[in-house]
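Note that chain A is present in both complexes that follow, paired respectively with chain B and with chain C.
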Partner chain A sequence: MAQAARPGQLELAPPGLGQRLATAVKVFFRLLAHSKAGFLGFLGVLFFVVLALAGPIIVPDAGRPDMTKIYQPPSLEHPLGTDYEGRDVLKQMLRGGRAIIVVAVLAATLSTLISIAFGALAAYAGGWLDSLIMMLTDVVLTIPQFPLLVVLSAFVKLDRPWLLATLIALLSWPTLLRAVRAQVLSLKEREYVEAARALDLGTTRILFGEILPNMASYIVMSFTIGMTAAIYAQVALYFLGLAPLAGENWGIMLNLAWVRGAIFYKDSLMYILAPVLAISLLQLAMVTMSRSLEDVFNPRLRES
Partner chain B sequence: MTEPLIALDHVSMVFKARRGGVKAVDDVSLSLEAGEVLCLVGESGSGKTTTGKIVAGLLKPTSGSVRFRGQDIWQMDKARFKAYRRAVQIVHQDPYASLNPIHTVFTILATPLQRHGMVRGRAEAVRRVLELLETVDLTPPESFLFKYPHQLSGGQRQRVSIARALTVNPELIVADEATSMVDVSIRVSLLNTLQRLRDELGVGFLFITHDLAIAKYFAWHGRVAVMYLGRVVEFSPTPALINDPQHPYTRALLAAIPEPDPDLTRRKGKLQLRSLDIPSLLHIPPGCSFHPRCPLFEAGLCDVQRPDLVPIDEKRLVACHVVARERTGTIAKHAASPVGISSDPVIGADLGEYGKESS
Partner chain C sequence: MRQSAPVARAPAIPQLAARRLLGAVFRSYALRRVLKAALTIYLVATLTFFIVRLMPGNPVDVYIHTLISQYGFTYDDAANQAAALFAFNPNEPLLVQYWAYLRALARGDFGMSLVSPGTPVTSVIMTYLPWTLFSAGLGLLISFLLGIMLGMVMAYRREGVLDHLLTAVGSFFQSVPNYLVAIVIVVFFGVQLGWLPITEMRGAYSPGMQPGLNLAFISDALYHAALPILTYVLTTIGAWMLLMKSSTLSTLEEDYVTVARARGLRDGRIMRSYVGRNAVLPLFTQMAISAGFVVGGSVVIEKIFVYQGIGFILLDAINRRDYPVMQGIFLIITFAVVAANLLADLLYSRLDPRIRVSGGE
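Let's look at the complex of A and B:
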């Protein structure tokens, strides 16, 4: 059965990392394009991410307060009008996405990491560790999260994005953890996992090489949903004035528009609607994108 | 006396259930020599698969010991246990569930090779994987290298499964119904591949099947253990078991094999079971667990006393009061109905020869 090198065998080396990445990206776009809504969602998310990154660079500052120009209606000079202290609303809109999205990404990353690490650990270890983790999870799950967030924000000065993100993440992991645990419990009974155990591939490899990749779509979808939840949570905190109103972001804009009485001016309709619309569109884009992500992760659809 | 490769010693496996437990495997003792083929035959729920998993060290029995070359595997130190792990591999029944859908054939086969330092570098991994694919008759091997499992047929997947088991040079493969989910046309060639592995690589097999015809074909030179409700009821060399079954359950199983020839089927003695229902594992009948269905049932004996697996000649073990008494006391043919010998085309040649010998 010893085999001589056959012609062409040397070219059979597995594709390199760069090549694989390139194919992956190509396939990703082709599959996203499968579903028109999903692709639109993807474009929307892309737009907001670019906005978050580039906005504060394009608009280095939101201008100085000018009491002669307060609550102006949309005009060529100020396409979305001006705010309660006479600053341009559009400029604030362009600058205000970054903080929101950064906190959302941080919070979703953190809560996803917590869920995967401890969910997989609970399912894989079993026994008392599983019981302990699940008990903790149930405790956190039963706490009404937003009221707790409100109470906590009274004690913790949420003036750092990562602090706000951590707080949101610490309250939002239980649902995903339970789902991850359930999936790992089911996947670890699969025959290919049993075969991997017989082959002595090691727990790390089995978990990260055999089990978790099969949950990738679920995890990415949970990540986007986690982001939407984090956006709502922080906007609500800002709107209620429970997080420090420093700098510009859509949540703070909404709060000020409300508190300073913009809702009583007909001319300020765009001022108050702009952050609401931006937040809603971002959420919509993420939810639609997450729906078509399932196609991307299904190996059956990978081949054309 | 040399130690057998694997020995199960009074192994029982009880799964927890709502009330009490389910005894999936009940006091089973088996041993397997290196390179031997042992068939486990039985209906669903008879504990075959559980026994297979216990042999592969994937399940820890609730009582009894599993010894690998004389050493209890559950008392071994880590290094030895790992060596045992690799020496015994498993091939599953369902080719659609036994390969991870996200990996290519290359990844599936190269991972264990690389993990255990059996190849160095990519080029060597590719060469070894191609060799393995050729060993399991997936030709040309190049065309399978970067395929995903869903691009392969059931038979091809099963071959990849076998190749994966071969990556670590096992001494024993537990083939758990490895051929029962592929098409009949593929089955024979798959069996031939396995047989070649046994002959050329000296791999032993614990072959789990519900199909006696396959046991006949694959394990003709080996032994068969017939299981019923978690217990071994007959343990004997394959030719003897097929041509002269002793336990009434074995005879019933053989009688149930359909014959392609309708005349033969009509002539074939039907074994009348007293009941067609398999008792629930939650309520295993007292005494001999087969007694509610057994045609040889004797009240006051079979439903009270549990028969042990006793030798009836130098090579065969049977767990039946009636048969044991007849064989060891007055040896009499207890059933007038000779069980028809299968003329299954697959095994016709083999059986033909055997038939001549025995007649």
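Let's look at the complex of A and C:
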């Protein structure tokens, strides 16, 4: 590492990246084990991620429309019944998670990157740059996000996952940025950062070497919150039919079940309930996980 | 014993000078907040202008071309018609149009509806906005009041059965998207169980009802708004409860509460005047965020319950590509949210002097 050349450097080498990651993972699990609900949430998130990855592989094909099997009740052949064109609901459920989660991960990655980069910059630079970033953040924070997405959908065809993700991310970074900035501001005053500064390690080295690694769990938390926001927005867009109903995902299922009148038949109750349950559970798992992380990181809450 | 009480109160001697100073700071704080609100509205207005004008297939050009090709208008006539509808003249340079657009907005002129000719966008907004303000506002208020009461109970009885139950229920409804809660209400209570006359409850009020400030109309409006309000309350109350609980818990550890207890004040009085009042303060900042969220979510909720508020009409305008109406509604929603933010900030700084002294960060 570069600092070896510096005069007066301590002999002790800083822990390597692998070691740091291992510690982070260990701490993460210890923290989750701290609360049962948080661990359940983590398992839930894991389940949905595996489903997103494996679902379309297990069920390579959602089946052809079959007009003789419309709105069938749950049976052995179709455990969740069939939809308005006679396709199996369970198969669609297994395949429909991937698109939602992919967009959510893309959007959360982007908004987390924006908020970490500019949040850390604002907290670290201070002065007018901080004021400028915070003012911009406040402005974007006040703009009603969902109505703006709805209006944009009239101009932009939201048929690409990355496009949808980018639009969602561009509107959802402000809350995360504020949290990141507050966190960096408090970390900045810690002894080990002071020490690094006293050693004249340079802003970049302090930011990436000292501050960000200590925010790892915090970043996981922000990422999860970003994902929930993205899922909320995109499912709503599909449900309202404002994003093209092409492909298979739970949002589109919700839209079709609602628009094609599945809600009026007792037999097809599972058709509309399945996506509702899946999305709710996914959101619940992620919120529970991020909240237990928050509990652990906020000592004031932990004491009570 | 009176000497020990004013821990939480302002010191008595330099009161006058301090108040004058605070007044000045507050004025500038209020001014800062107002400026920020104005800047937000200006930026959003600018954003919508450029979205409408610069996006591929912008509605003005599309409209002009439709008039020319389908109705045999000359270009000038079509451009004039478009200018009247969109409240700006498409032939002028962009900056001139932009200036005219801003001036029209300042006058409260949002242009005319494309789909229903002769209807100004302002009158569309005036017809439907009150219903959203009514349902969303009432939902927020009920949820806030209920939430702070339950939150305090949870803090006082922490680790009790009620605390655990409310925490679980509150977290559940907080994480589940509000439109899914609305869908479940319609599917279960409206259709499958048939407990609620879901079709009869549609609309903002019953057909044939004369709008007016009488008991019959108000109860009818409440009847129609009940399900949207229920959804808003269910999905936002969790946040209020949990916030109030943690805020109350930290307030309970403040010295002035200990002192109040030592003075032998009755528990009810301590809870109301010492704990409750101080614990509720930090929640006001959340009020603005919550208002934005509820108003934003109303787009989907009103669609599900077929409640004719501003969100319902926004979707309608989008489906019919009625751009001036869309644009006007988006601006008015933004305006409402910004105003709610400003109000909450000013109220908060009024209630908690520490904010305006420390600069409001």
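By definition in this document, the second predicted complex is superposed on the first by the 255 of 304 C-alpha atoms of A that agree within 3 Å, B and C clash if a C-alpha of one lies under 4 Å from a C-alpha of the other, contacts with A are read in each partner's own complex, and residues count from 1 in each chain.
Everything that follows uses one rule, which is that contacts are C-beta pairs under 8 Å (C-beta built on N, C-alpha and C of every residue); 3 or more make two chains touch, one makes a residue touch a chain.
If you're wondering where the values come from, they're calculated on a predicted model, not measured in any experiment.
Asker: Determine, under the contact definition given at the top, whether A:F239 touches first (chain B), second (chain C), both, or neither.
Answerer: In the superposed model, A:F239 contacts chain C only, not chain B.
Asker: Is A:L46 in contact with chain B, with chain C, with both, or with neither (first, second, both, neither)?
Answerer: In the superposition, A:L46 touches no partner, neither chain B nor chain C.
Asker: One more residue to check, A:L148. First (chain B), second (chain C), both or neither?
Answerer: Second partner only.
Asker: In the superposed arrangement, which partner chain does A:I57 touch: chain B (first), chain C (second), both, or neither?
Answerer: In the superposition, A:I57 touches no partner, neither chain B nor chain C.
Asker: With the two structures laid over each other on chain A, which partner does A:V139 touch: chain B (first), chain C (second), both, or neither?
Answerer: In the superposition, A:V139 touches chain C alone.
Asker: If we overlay the two complexes on their shared chain A, which of chain B and chain C does A:W258 touch? Say first, second, both or neither.
Answerer: second
Asker: For A:E191, is the partner it touches chain B (first), chain C (second), both, or none of the two (neither)?
Answerer: Once the two structures are laid over each other on A, A:E191 reaches chain B alone.
Asker: Which partner does A:L113 reach: the first (chain B), the second (chain C), both, or neither?
Answerer: neither
Asker: Between chain B and chain C, whom does A:Q283 touch in the aligned arrangement: first, second, both, or neither?
Answerer: Touch partner of A:Q283: chain C, not chain B.
Asker: Which partner, chain B or chain C, touches the larger number of chain A residues?
Answerer: C
Asker: Output the chain A positions appearing in both contact lists, the one against chain B and the one against chain C.
Answerer: Residues common to the chain A contacts of chain C and of chain B are 300, listed in rising order.
Asker: Hey, which residues of chain B end up touching chain A in the complex?
Answerer: Going through chain B, the ones touching chain A are 53, 56-58, 82, 85-86, 88-90, 92, 94, 97-102, 106, 111-112, 115-116, 122-123, 126-127, 130-131, 134-135, 142, 145-146, 148, 150-151, 161, 164-165, 167-168, 200.
Asker: Chain A touches which residues of chain C in the complex?
Answerer: Answer in residue numbers: 36-37, 39-40, 43-44, 48, 51, 55-58, 158, 171-172, 174-177, 179-180, 183-184, 186-187, 191-192, 246, 249-250, 288-289, 292, 295-297, 299-300, 303, 311, 314-315, 318, 321, 323, 326-327, 329-330, 333-334, 337-338, 341.
Asker: What does chain A use to touch chain B in their complex?
Answerer: On the chain A side, the touching residues are 1-3, 5-6, 8-10, 12-14, 190-192, 194-195, 197-202, 205, 209-210, 213-214, 299-300, 302-303.
Asker: Any idea which chain A residues touch chain C in the complex?
Answerer: 135, 138-139, 141-148, 150-156, 228, 231-232, 235-236, 239-240, 242, 254, 258, 263-264, 266, 269, 272-273, 276, 279-280, 283-284, 286-288, 291, 300-301, 304
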